[in-house]
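Here you go, one structure.
Order as written gives the chain letters A, B and C; numbering starts at 1 within each chain.
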Amino acid sequence: MSLLTPTIRPSVVARLNPVAKLAVALTVSCALLLSIDWVSAGVALLLEAVLLVWSGLSARQFWLRTAPVWIAAPMASITTVLYGEDSGALLWQFGFISVTEGSAQLGLAIGLRVLAIGLPGIVLLATTDPTDLADGLAQVLRLPARFVLGGLAGLRLVGMFIEDWHCLTLARRARGVGDGGGVRGAARRFFGPAFSLLVISVRRGSKLATAMEARGFGSDEPRTWARLSQVRAADAVLVGVGCAISGIAIAVAVWAGTWSFVLA
Amino acid sequence: MHASTTSRHQPVRQSPGVRKPRNFRWRVVDIVVASVIGVASGVIFWAWGLAWSPLSAILAFTPGLEGLLAGGWLFAGVLGGLIIRKPGAALYTEVIAAVVSMLIGTQWGFSTLIWGIVEGLGAEIVLALFFYANWRLGVALLAGAGAGVAVGLLDTTFTSYSALDFAYKAVYFVSAVVSGTVLAGLLSWLAVRGLARTGALSRFAAGREGSRAPSAARS
Amino acid sequence: MPAPTSFTPGREPHRRAVQIRAHDWGWRHAGRHNPAVSGLGLQIEPGERVLLLGASGAGKSTLLHALAGVLGDAEDGDATGSLLIDGRRAAEARGRVGLVLQDPDSQVVLARVGDDVAFGCENLAVPRAEIWPRVRRALAEVGLDLPLDHPTSSLSGGQKQRLALAGVLAMQPGLLLLDEPTANLDPEGVIDVRDAVVRSLDLSGATCVIIEHRVEVWQDVVDRVIVLDPAGGVLADGATRDILASQGERLAQAGVWVPALPPRFPTRHPVPQPQTLLRAEGLMVGRVPFGRRTASVVADNITLDVRAGTASVVTGPNGAGKSTLALTLAGLLAPAGGMLRASDAFSAGIRPEPHRWRSTQLLTRIGTVFQDPEHQFLAATVRDDLLIGPRALGLSVVQQTSRVDELMLRLRLDHLADANPFTLSGGEKRRMSVATVLATRPRLLVLDEPTFGQDSRTWQELVTLLAELLDEGTAIVAVTHDAQFVSALADEEYRLGTPDPIRLGSGAL
């Protein structure tokens, strides 16, 4: 399993149109970003958790892929609890740090929100093949084909990066600069290979562009598509589900009185 | 990296008055290289995102200083803009980078894309203000600062930082702008200069600007 | 507009072969002083198969790119004269021309085999119903028997080149252009690609122009050879046998592998009683994949000795683990099992496992030359790059400069001292990567495919240099596909990929 090209098991979610998945992730994220409160985030998270069962990811893949979210949520939460806007009864104080009821609530809200936004985003996109996504963007959303396919080609080139990075670090060891040197040495060991990788990839990109042009790519003339990207009923259902989750989360929060519009 | 005085290869200068018409249409090589830079930056963004949690915890003794880390997500736009030099380059590269880091998996999920669009716009607007004609260090720094302003505003309004006191928000904003200027503006400009010297940018104006370093180019 | 002349029927007559006319044509890349091609005049009839030769810098690649219409517009350079394909300019004839380039990795566009081959058809607005039959036919033509959703990243170099060829053939072009298609391939891949091209040309009867310096492989495929002159225009043009006979010497000097003029093998003066430097017993080698902790073993049960002044060569098919073995012997990868120890004389006071040595300890003992020289570039100029090794050893500035200057002279890099390493030509890059390794005078040299894609001149220089180093007492371990290299230098050969790695006796003359 490469970082960018997931192994996708055939499942209901994998067959959905990627544009629909994108729309759902966008809807839910936007809805939750409008307010920081634990009710909307918690309700959304609960509803999503129910649906994640059908995601099509194996347990191991799920935990591996969503690991960044599980790490980030508590950290963001704790930071907010300690430094957040204070209101309500003071619970503990130490220097800059002040924990109050208000900041504790905010901390919980932030933690839940990170999970509620992060999890579906990762799950939906982890089951999407990049080529299918490009097809969807170009055929359904009618984004210009030159940019979508050019972007996809660039994405593919990155698959070789890990191999190249490994080679570059081995080469540095062979040249005598693979270890030592303290902080400066460590900085060089990052920026050196990073720059070489940039040079190599710009070169490869230029060559790939030539190869693509040689196959007729890049003119303004209309093109056909070998793979059809269709929007089906299941996709409409998915978008509906996304809207429903957002709507219910907001409605419950407003009804519970905890909704606090960010831009107000 | 200093120039040598014994240059085997004279740079070609445009004679004054003979200006090739500026072409703002994107060629295929522009699109692919912008995508490559975007994707590469996206991977670095993802890695930076992983490192962000522990790093920001270290900086958290004064909340708001995490803004100094924000520049790590801003350099894609400036780098793309400086190399491609066409309208939309900064926006496109930054968006691609955001999409890729999102595809791999970040804690911020879909909001990464929204942030990417706004950050890209921050740099793009600055480059547009100079009519896509000026590509010197000052403009690069300003473009980085523009992206920093964008992310500073976004973060202090929509993320957990909006829950902080105003003083900390101000610290965050300022450190984001500084970070953008240095990490995104300065670093990108240096990277483009280094790239031009390696000959990798031979199909771009950035690589043909009378580079003084002698190359091994044959006839 | 004049109607296309000449109709050459292949078995698929709707693929009309293309006619090329060049009249005083030239091209200057933007930003360069001198034109890449100038004053070129030639005529190629439909169905002809032409081999394009010439010294580097003669503009062969530029001509091919121009025929394919990918040189660019006014932003990229200036054109003079005319270059017509079937009476039209190249940029208007896209879809009639197919171009296959040298680097297998930079031609794969999409992630699945079927999608990649279909890419060209999509761009030419071929209806969907017709695309997939064309894709299957093209894959069959090149002999790639793979399912359509096979990932392209897991293809070998030869397979990738055939995939690129299939992608081009699916467009049903009348002109096939090949720019050193087999340069970066192992011998098996070279034959596969050559056979695929022959099969396709027989089927379609298309015109074909090939740039290659491996003449032996292609001399029976082409009927005509054109040699370009670096100073402009055409140097020679005629039937294959005639040109190779009359221009043979000159071409060989320019680096072309002329069949009648094979490279000379250097004479060796073997070191008496060579001492053992490294010993491996029951060695297992493998790499640790990303995200895992244990290595996946690729080669097992390897027992060999590396001795001073001897050349050990590792051969075997792709995927047998040759590179992994080389990197393990070089101390860059940890062994997956078994034993690998340096002799006391070699390790000279530090622990005997090479992969535990610090980088600076490796410098004077083992030098590694990677398959892709670009991976080893560290600095912005050739001289600075060469200075890195001696500086890491802690030599005085005077010693550093004297060593580096001597090396640059020996490897003919002195005129490139201030150039950026990435701007060097292929042969110069290879010489430079060898120079960087020699700067610290290691006792063992490990080389991964040193003669890959090299022209005959660079090959000759490299082999001569390695022979000198061997006579001086340096040990060499080389991973290679190159049978000539093995014949020229190898004292011992280890063939991987068989159940027990065969240790063959001396292969050197």
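By our rule, a residue touches a chain if its C-beta (ideal position, glycine included) is under 8 Å from a C-beta of that chain, and two chains touch if they have at least 3 such contacts.
These figures come from a predicted structure and were not determined experimentally.
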Between A-B and B-C, the pair joined by more C-beta contacts: A-B
Taking each chain's C-alpha mean as its centre, the one farthest from subunit C: A
Separation of mean Cα positions, subunit C and subunit A [Å, integer]: 39
For subunit B paired with subunit C, centre-to-centre distance based on mean C-alpha positions, whole Å: 34
Gap in Å, rounded to a whole number, between the CA centres of subunit B and subunit A: 20
Subunit A residues counted as touching two or more neighbouring chains: 3, 130, 152-153, 199, 204, 208, 210, 212-213, 217
Touching two or more other chains - residue numbers and ranges from subunit C: 422
Sequence positions of subunit B contacting 2 or more other chains: 27, 194, 198, 200, 202-203
Complex interface listing, subunit B residues touching subunit A: 26-29, 31-40, 42-44, 49-50, 53, 56-57, 60-63, 83, 92, 96, 100, 102-111, 113-114, 157-158, 160, 162-165, 168, 191, 194-195, 198, 200-203
List of subunit A residues in touch with subunit C within their complex: 2-3, 5, 129-131, 149, 152-153, 156, 159-160, 162, 164, 167-168, 170-180, 192, 196, 199-200, 204, 207-208, 210-217, 219, 221-228
In the complex, subunit C residues that touch subunit A: 65, 68-70, 94-95, 97-99, 101, 103, 105-112, 114-115, 118-128, 131-132, 135, 151, 153, 164, 167-168, 171, 290, 327, 330, 332-333, 358-360, 362-363, 366-368, 370, 372, 374-378, 388-389, 392-393, 422, 436-437, 440
For the subunit B and subunit C complex, residues of the former touching the latter: 1, 4, 6, 8-12, 20-21, 23, 27, 194, 197-200, 202-203, 207-208, 213-219
Footprint of subunit B on subunit A - complex, ascending: 3-4, 25-26, 28-30, 33, 36, 65-69, 71-73, 75-76, 79-80, 82-85, 96, 103, 106, 110, 114, 117-122, 125-126, 128, 130, 146-147, 150-155, 157-158, 161, 194-195, 197-199, 201-206, 208-210, 212-213, 217-218, 262-263
